[in-house]
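Remarks on the structure that follows.
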Amino acid sequence: MTEETKSFEPTIIGFTCNWCSYRAADMAGTARMKYAPNVRLIRLMCSGRLDPTFVFKAFASGADAVLISGCHPGDCHYISQNYKALRRFHLMKRVLTQLGIEPGRLKLLWASAAEGAIFASEITKFVEEVRALGPLNWPQPGEQVSTPIMEEVTA
Amino acid sequence: MEKKEKIGVYVCHCGTNIAGVVNVGEVSTWAAENLKDQGVVVSRDYKFMCSSLGQELIQKDIKEYGLTRVVVAACSPHLHEATFRNACKGADLNPYLCELVSIREQASWVHTDKVAATEKSKALISGGVSRVVYNEPLEPLYVPIHPATLVVGGGISGIQAALEIADAGYRVYLVEREPSIGGHMAQFDKTFPTLDCSACILTPRMVQVGSHPNITLLTYSEIEKVEGYVGNFTVSIRKRARSVDEATCTGCGICWEKCPKKVVDNVFEAGMGNRKAIYVPFPQAVPKYPVIDRENCTFYIKGTCKACEKFCPTEAINFAQEDEIINVEVGNVILATGYDPFDARRITQYGYGRLANVFTSLEFERLSNAAGPTGGNIVLRDGKTVPKVVGIVHCVGSRDKNYNEYCSAICCMQSLKFAHLVHERTGAEIYNFYIDIRAPGKGYEEFYHRLLDEGTHFVRGKVAEISDAVRLPGEEGKLIIQVEDTLTGNQLRVPVDMAILSAGLEPRRDAKAVAKQFGISCSADGWLIERHPKLDPVATVTEGIYIAGCVQGPKDIPASVAQGAAAAARILGKIMQKEIALEPIRASIKEEQCSGCRICNNVCPFNAILFHEDKMVSEVNPALCQGCGTCVAACPAGAISGTGFSNQQILSQIEGLMLLNIKSHKETVPA
Amino acid sequence: MTDTISFSQEVSNLLYAAEGEPLRTCIQCGTCSGTCPVAGYMDYTPRQIIALINAGNKEQVLESNTFWYCASCYHCTVRCPQKINITELMYALKRYSIWKGQHKEGLIGPTFSEAFVKMIVRGGRSFEPVLAPSYIFSLNLREMLQEVTNATELLLKGRLPVLPARIKRIDSFKRMIGRIIPMGGLE
Amino acid sequence: MTKRLLMIDDDPDFVAGIKSILDAAGFEVEVTYNPKDGLNALQTKQYDLLLLDIMMGRGAEGIMIARKLRKDAKLREMPVLIITGMREQIAFLFPGEPVHPRFVEVDELVEKPVEPKLLIEKVNSLIQTAEARKAGKK
Amino acid sequence: MKEYAYFPGCSLEKMAVSYHLSALETTKKLGIKLKELEDWNCCGATTYFYIDELLAYTLCARNLAIAEKTGLDVVAPCSACYKNMYFTAAHLKKDADLAEHVNFALEEDNLQYNGNVNIKHLIEVFAQDVSAEEIKSKVTRPLEGIRVAPYYGCQIVRPQKEKEDVEQPQFFEGILSAIGATPVNYPLKMRCCGGSLIISSRTAALAMVRNLLQSAVDSQATVIATACPMCQVNLECYQQQVNQEFGTNFSFPVLYFTQLIGLAFGIPPKKLGIGKEFVSIAPSLLRAGQSKD
């Protein structure tokens, strides 16, 4: 296959909480469930730790989409902090829209430690959705993004 | 970066677990070449990084290269983070300067495309390297462990756990919802496969619990609230009003003899027998004090009667008694809340509740119990007719996606036990309808052979329906069990006098609520989740909370006892250590940056943030902080930092994952 | 991509929205066959059919009367502990068999089904007399007489139509079918 | 360059036959045995020609696929060769009548069984036409 | 006044005309209007699925599209029609590709289906949309002492739609109680009558009919009530053949539930299509229906 015929492979940054969704990822692994290799995970202690800056940083760094995942509402290891993540999620979606980024590039996924299968299938689904959206067209590339591209061009 | 870190990268093969999919050699070489600017001075791959040789390799490098940071690309940190941190500690490197990157659970095991998995592993390592630069040396927090233990649930598993800990000399609070301990085992007549009498082996243990100086037994009680963390839980227990003063009651039994109100006993007798409104569930109950069932007691309904009070020789009846809230301090908790039997009514085609002579397994246990409502006579619902043909249906509510997908593990053996008891006591002809016979315990297969020898019929087929629809001669007045004998391919109509539904086990109705109360979680089918399915079956992801018995999944008596003892042993080990090291993942507030807006005060679920009115700044109490980081994310002034998960660490990790730290990268820029 | 596929996969591919191979999950418990009101008349019980499919015994399956005897009562389907849609499997096997033109000899089912669908495609509604020739000659004399008696009585009670039923917009109806099955004289 | 073909057909025996003919003629042939996998393959990979069956899965699903392709901006130009046995398969419905081209928006339609020589001719000519069309557009 | 789009289906045109008549009469009494779909086509029974499922969905979708234009819920008295329409709608809702393709075909008849039709079986109208009180209030001649075997058959309740009870439903009994009849415990009420096999697998079907009739006799019912034309024809018209095949002596009346309701409502038997049976109904039933006169 030549380079140009290769279909678009999105890169996605995923945030997981330590107690449910990271363990769901572990479980998907232990059970050898297959999913698309496009998501790179970052472990936080809780989805409540998710600072919106992280999401914007991920987009600015060239990610095509961001996945936020945590315990199901009501199951938070820290009682109710995932509700904070939920609120921030809706806020971030709005901000992204205002910035001209498709809100479909941000996904929230509740996954308990037992839901490896759901975690895996949802990732594959999300990757397909993002693939359909195409590469992220960041209106004004941030500094961090532009640097390597510039260098590549001049190289 | 002010100071250049020296980083070592270690890529594990995990045999072929990782190396079979990820090209580990390529990854390691790539890291050495491309992450040089980040400070990587050495990068190696090795067959088993977690082996002692692998660990020594890291330790040697730390010394030789003077490494200041270590990144290990191997399995999930939930498995081996501690291993590699300890290895670093052994080489005098602060353990928190070691970062584990999961390329097994997150790459080799979940991807089939080898190139993609290799590329992803590179990115994950790059992220780990970028992050580890900002890791800070941390010291664990040590907290003392309170030597008392809370055991929730007084079935055989909880009893075993309580006795083990109490015998070792430590205080146990044993909380049971019902008026007596004993659990389901107290309802059984015989236990498989040895057929020893259930009560004979259980009651001595119950008595021991009741009289043990180190056990505080709280029956007819429930957990109200749990606060704190490992080593230091505060538990509120609601001790429901028994209406009987335990200090004066002698358990003489006159009150329930004299009580005029009969109540169908749906709990202990499974609806097969009666009790009084004031009652002990069964004669050997521990404690011996009765309770008044206020919903059924004539006095509570009509305001008159008081027969029990009149006849009580010690004036122990106290109608005005109120619920009591008891607060206890414990260091650890064992949840042994057991199971509920599957409600056979849900499978309407089996006719339970509609067809009189369809019985559930629990009903049959009471029917066959010498101390039960029929004195151990196996008879039909009319109370007198001895059945001539009995059908026992396996897998009721189990191995069925319409109900519970899992195998309940005990029903085969329970059914064989029933078949034996029916054979022994009635001589009836017995049909067992099974999908597969599962007899994987000590002496279990032999018991199956014994049943075969007794002439019990075994029909391989899941019962389709039980009805009273007579069609053929000989079916009049019988129950018809319709089934395919899958070994012959024939459709059978087996007329029986009695059908016994061997109901499976289900999580307690309130298992989810209990799990939530104690900060742990349930699997999709509702059983509480253990920390590791093989290697850590009684611990949970929450330090200090242990599980034992059927609360973790269906199991038989020996396994429940073993888990009770195992959980006790784990806790005794912790108590002996006197203190426990906690992850130093905590939030802290930089006073000079705090604007005093108090947003963080409200987001903290543990009330760990105090506000100093005088200085108009907030402060985190590290003993209460659990490290979730929500306040860090919420602080508009950026004044709060979270150790172990600082903004710098995560932002840098994002750059690393996107390979922005590499000058020559091509992959992430779409053509 | 595999070089070829198993019979089980081939059958799964015929099922509505089949993911993977549902038949592979069969635990051979026999609930379907214990439930089936027609099992006694089948060459193989539904459970055995699934076993044969999974074993790859294509000829044995196609030569059996099992799926032509399925009454579409869905009783097995609601009871299957693995949630296999067995009734739909039977439809799929009928379809497979009709498309291949391969079925056990002497069955009325295939010809009757074909006649029925043909009738609808032509007229849009069902008209019983048109169907009779598709099966009446397969019956023995006694059965045939019974059928005729029945038909006569129906006619006498005013319960049998004399004229074939047709919908009004038959032309656009036929063109509609043409968009699904692109065959036949449309003009 | 080797031409890559995708074949969507539910009949493994027929597929094996056709594939061996095309393999021998130097084509790279990928096969999917149901419409769902077929559409997946079309959307994720690039092919020079599609060989399509009609009666598959629930019914005449080949028609559904052909229509979908013609509406897809990326796949509109892909040459499609239908190889169908539907006249045999549901002959009773429309005895003696042909497959009606009016509703099949494809480039060519041949009926099973297929002559190897004819097959390769058709495949080659369809690919050539498509390439010429593409070149013309550029 | 409640109004429904009414899809009678082929058998109600002639074979089950009494079901048609009694459905119209009884609903009228309850203030319900059944508005027949214009130019409806055959639902295809289950036979289409053997040839081409896409065709099956298209034919059902044509009726749904016609119904959608009325903006009313559609009612089918035949269980097979009902099942086909219900599941076609469900599949089209789930599968956008399928819906698109089906609509492409419907264009030929200037129709389009947008997925906005509720499908009900006629008995659901009586069991769910009308309260038992409403039915009771119209009863002038309660069927006291009449023991009725409520025969559900298959496709009213199966396949399962959501979480409803598919093994021991009680709604039919509820309707019978409301008209004063005694619903008997009819153990085979959920078993198949073999309607779809009567042509193709005659012996099997006749045996199934025999079992159902025997069970009705054993439960000491006077009459079987059905809610499907296929079941009615099968259970009633083939009794003679069952008797010849198995040496039995059945002569057991089988009525549509709407006919029983009609009798209880005091509607003249003739208007309910009574008189078109093979097995004439017991005079006691007619008497019971008129005893309050």
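Note that the chains take the letters A, B, C, D and E in the order they are written out, and that residue 1 is the start of every chain.
Just so we're on the same page, a residue touches a chain if its C-beta (ideal position, glycine included) is under 8 Å from a C-beta of that chain, and two chains touch if they have at least 3 such contacts.
If you're wondering where the values come from, they're calculated on a predicted model, not measured in any experiment.
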{"item": "Touching both subunit A and subunit B (chains)", "value": "none"}
{"item": "Chain closest to the middle, measuring from C-alpha centroids that were averaged per chain", "value": "B"}
{"item": "Chain pair showing more contacts of the two, C-D and C-E", "value": "C-E"}
{"item": "Interchain centroid distance [CA atoms averaged], subunit B/subunit C, Å", "value": "49"}
{"item": "Inter-chain centre distance, subunit D versus subunit E - centres from mean C-alpha coordinates, in Å", "value": "45"}
{"item": "Inter-chain centre distance, subunit A versus subunit E - centres from mean C-alpha coordinates, in Å", "value": "52"}
{"item": "Rounded Å distance, subunit A centre to subunit D centre (Cα mean)", "value": "38"}
{"item": "Subunit D residues counted as touching two or more neighbouring chains", "value": "55, 58-60, 63, 90, 93"}
{"item": "Set of subunit E residues in contact with two or more other chains", "value": "51-55, 101, 104, 167, 211"}
{"item": "Of subunit E, residues touching subunit B in the complex", "value": "165, 167-168, 187-188, 211, 214-215, 218"}
{"item": "Parts of subunit D lying in touch with subunit C, wherever the complex brings them together", "value": "10, 12, 15-16, 30-34, 54-60, 63, 86-90, 92-94, 97-104"}
{"item": "List of subunit B residues in touch with subunit A within their complex", "value": "76-78, 102, 104-107, 109-113, 116-117, 119-120, 123-124, 127, 516, 519, 521-524, 529, 541-542, 585, 603, 605-606, 626-630, 632-634, 642, 644-645, 647, 650-651, 653-655, 657-658, 660, 662-666, 668-671"}
{"item": "List of subunit D residues in touch with subunit E within their complex", "value": "55, 58-61, 63-64, 67-68, 90, 93"}
{"item": "Subunit B contact footprint on subunit C (complex, rising order)", "value": "27-36, 39-40, 44-45, 47-48, 79, 81-83"}
